[in-house]
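Here come two complexes built around chain A, the first alongside chain B, the second alongside chain C.
Presenting the complex of A and B:
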């Protein structure tokens, strides 16, 4: 009973926040609402007994990705007016396409029936069941090939980003830590012996 | 404590994927070499890349299997088709790199990262060719596409290249999204990613379900985008035109092998039971591609754009072979894809042959009087253009003949007639290049600057087109064995 209530509360917050993400005028608000989305989604996963995924979602997405997003949005200084220009001109066409796609999807999903059997409710897992171990086992057996390939995709993204942005310009002032550490006093301070001035 | 038997990945499971593992390791070595070799020895990354491709060829032929073997929990399929496509991809990549070398060096683009990205693109082709599930297929496509986006933008001082890279990236992201939608719907309906399992599930009654057809339609859209079939072709002319010519050469050749593998793995193998559903979709794509590709190409004055539209027309032919839905059709499409790759590599090779410092031979007028400058390479270009147009005795004729025969066998007489009609229109713009080379006066007297290796390989490329046209039996037999 309590779980059902919690589910509906989180689900309502999630849908509300997701709607807010696309309707918010201020990009920073949109990002913050997206954070709310992730946190409530993590709560839903907890209800589904997927504790590991819930923790990872909060740690990786909220903790790392969204913070980066927020930095980018704040630094880019997005001009909302610029983005909205041409909205009125393109809106009728976009609306037409959206309506057609929605009708087609509606026809496929409701009128003709997808023929998908929804799984019923499952018995709760026994205490001490570790879904971290389950995920680890599956990742390194059934999905070991796609898992490694996903890593290759990330490697290519890194190589591409560096190849496209790294530029060696001459005359850039850079620190060379090795030279800083290896410096000797003689290279920095020159002691000059001077004859002391006599007071007259 | 968790007490369960720990599954162990046996070495025999990894053996069929040895070529992929080798190439990835080699790409990492090239990456490190590019980063740590002193500036004046950076050229050696190029040599290492060639060695990597040669090594991959050796490993692939070492672990080649005579019949279909599924390993790595259904994610990886090793069969003669995969081996053939991989070997072809290594060869194509090696030849394109060889053609590109002078161009890249002159413009300061011959860096380690270029070679790494090419190797990664080849890895993506390998993964797609051997995909056993929709998941590994998708990841292969991403590996290939990401490498290509970066290659298009590689010349950073070139504003046009940056612009088309952005276009390509955005459109490619939409296509990837469409593919994921399609895959998730198919998964929702059938409950499986595995192409072997899907082939069992999608049969008879289940193949006509609207949910499956919805997912299938989205997957076909993604396949059409990767092929560059009309109406999902808008990126092709822009990317071919705007990318540096060596990148155009690469994009125009090797990834077509991946697109073919993608279509065969998903449509013919996984969703083969739903052939009635995807046949109609492919007919629309093929007819539009044949018409738009050939007609619009006539109006082009830039040879890279013209070859882009000609690619679209050729994709129409490949789709014709696939939509026949028979083994003969798949064989014809495979034969067409392989010959198209040989022709495209040669044609862009000639474009690179004529470029020199500060001069890009991109306009059709730049080919005027090539016969007076170099009769031999004018003849090579003549062979390539005849091959693309489908004039006997060059190989393109056999490719078109096989496809049309396969389409006639399944009773689409009007489709075959339409394809022939469009080929006749297409012959016009290929012959215009030939006329420019033989019957016009050259605009300048600059000699060709290509090195001996380039000239030798390009000559062999042109002769291969002629030899395969005179004796198509060998390649036809290879295709027949691959899809046996």
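Presenting the complex of A and C:
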């Protein structure tokens, strides 16, 4: 009972926040609503007893990705007018995507009615059940190669992103910290011994 | 008394558990807030003596001559609460007032997973360490929002600096924690402490010393403490992200979370690398000696040492330049953690040290 109430509350907040993301006029507000989406989605996962995934969702998306998003949105002077200009032209494509997503969701609900066991329909797990250990065990035994492959793909993506944005411009004054640290006083300061002009 | 017990028995067991947990939460929160109050006093005193001055030495309780200055934090609280809250005209009021709450919430909520003593932890959850990381990474939103919603150049610059710094140092901190996980084989903080059982040298710091150093440095950066306090940077950007805040909003955005976070990361240092509630002489002195008994007092002592280190660093080290902060985070700390994780994997493979069993 309590769980059902919580589910509907979180679901309502999630849908409301998701609507807010696309309706918000201010990009910063949109990003914040997206953060709210992630947090409520994590709460929904907690209700499904997937606490590891919930915590990781908050950690990765809320803690890292969205901070960068917010950072970029605040830094760039986003011109909302210009962004809205292409609305009419892009609307049919967007509508198509929306219809496909809606169809997929409907299909998932239909499959569920056929009695296929989906997460959440099972009996609650026992109290001592460790979600984290379970995922770890599966990830590093049954799915170790796909997991490693995904890691390598991500690594390649990182290296590629850095390589694409890295430009060596000639004539830029830069500090070489190694050389700064290696400097000795003798190389910078010359102590000159002078006689005082007035004898005390 | 007997009547009270009888009344207590009559309460349904579920409600009993709820009341007990609520009282525990209130107790821990009170302890944290009082610790924060005295930490502000301690900071001013310690830095004062390091700089050859007295620090606060006027306000006392009821005019007692003992421990002059002991009531200073309470005087400060009264002052902050009575001051007017000014909302800048060009600010966005909702976010401006929301930001302090976003900073304060994770700083207090993180305490639920801290194991204070062998038998006392509010929520003994499985992924405790991840929960902590997730919570502490949410605090940065408050700082960013506070700076943005103020609609002030200085505040905005401060929050941008803070965001970049948090992102950089969170990675190093996360990797340092990965090392701890590898040593303990668990994400549960209680299990991490129990895995370090057996005296000073079997604590994590011995085998994970580089990771401990990285963790401590990134903890300084994550809490925006000197020498990484460019987000405040009073010499360039007035007071950084909290320029526009005053009174109670200032206290909740800046003072309370900063010090609560300091205590939190110090406690974490003790829990993750220095054996939490375990006694340092356990296994060196015969059992039954009062020194070998584990308990909250050891955690308290260790946390106090790390807090003193925080203050010591602040009084000693000059502020980093912004580009040097980025260099230290990305090019020094992260490679160090990566190398040490590899070393640790080899150690575990060869079954050396804590992996011998």
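As a working rule, the second predicted complex is superposed on the first by the 158 of 200 C-alpha atoms of A that agree within 3 Å, B and C clash if a C-alpha of one lies under 4 Å from a C-alpha of the other, contacts with A are read in each partner's own complex, and residues count from 1 in each chain.
Here, contacts are C-beta pairs under 8 Å (C-beta built on N, C-alpha and C of every residue); 3 or more make two chains touch, one makes a residue touch a chain.
Model, not experiment: these values are computed from the prediction.
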### Message
Taking the superposition on A as described, I'd like to know which of chain B and chain C A:159 touches: first, second, both or neither.
### Response
first
### Query
Which partner does A:108 contact after superposing on A: first (chain B), second (chain C), both, neither?
first
### Query
What's your read, chain B or chain C touching more residues of chain A?
B
### Task
Would you sort A:130 into first (chain B), second (chain C), both or neither based on which partner it touches?
both
### Query
When the two structures are overlaid on chain A, which partner does A:3 contact: first (chain B), second (chain C), both, or neither?
neither
### Task
Please indicate which partner A:75 is in contact with in the superposed arrangement: first for chain B, second for chain C, both, or neither.
second
### Query
When the two structures are overlaid on chain A, which partner does A:15 contact: first (chain B), second (chain C), both, or neither?
neither
### Task
Please work out whether A:96 is in contact with chain B alone, chain C alone, both, or neither, and reply first, second, both or neither.
neither
### Task
Name the contact category of A:28: first (chain B only), second (chain C only), both, or neither.
second
### Summary
On chain A, the footprints of chain B and chain C overlap at residues 130, 133
#### Entry: For the chain B and chain A complex, residues of the former touching the latter
2, 4, 6-7, 9, 17, 24, 31, 72-73, 75-76, 111, 113-114, 116-117, 120, 123, 127, 133, 135-136, 139-140, 142-143, 146-147, 149-150, 153-154, 156, 188-189, 209-211, 213-214
### Task
Could you pull out which chain A residues touch chain C in their complex?
28, 32, 35, 51-52, 55-56, 58-59, 62-64, 67-68, 70-71, 74-75, 130-133, 175, 177
### Residues of chain A touching chain B in the complex
105, 108-109, 112-116, 130, 133, 137, 140-146, 149-150, 152-153, 155-157, 159-160, 162-164, 167
### Summary
In the complex, the residues of chain C that touch chain A are 95, 125-127, 130-131, 133-134, 137-138, 140-141, 144-145, 148, 156, 160, 163-164, 166-167, 170, 187, 323-324, 327
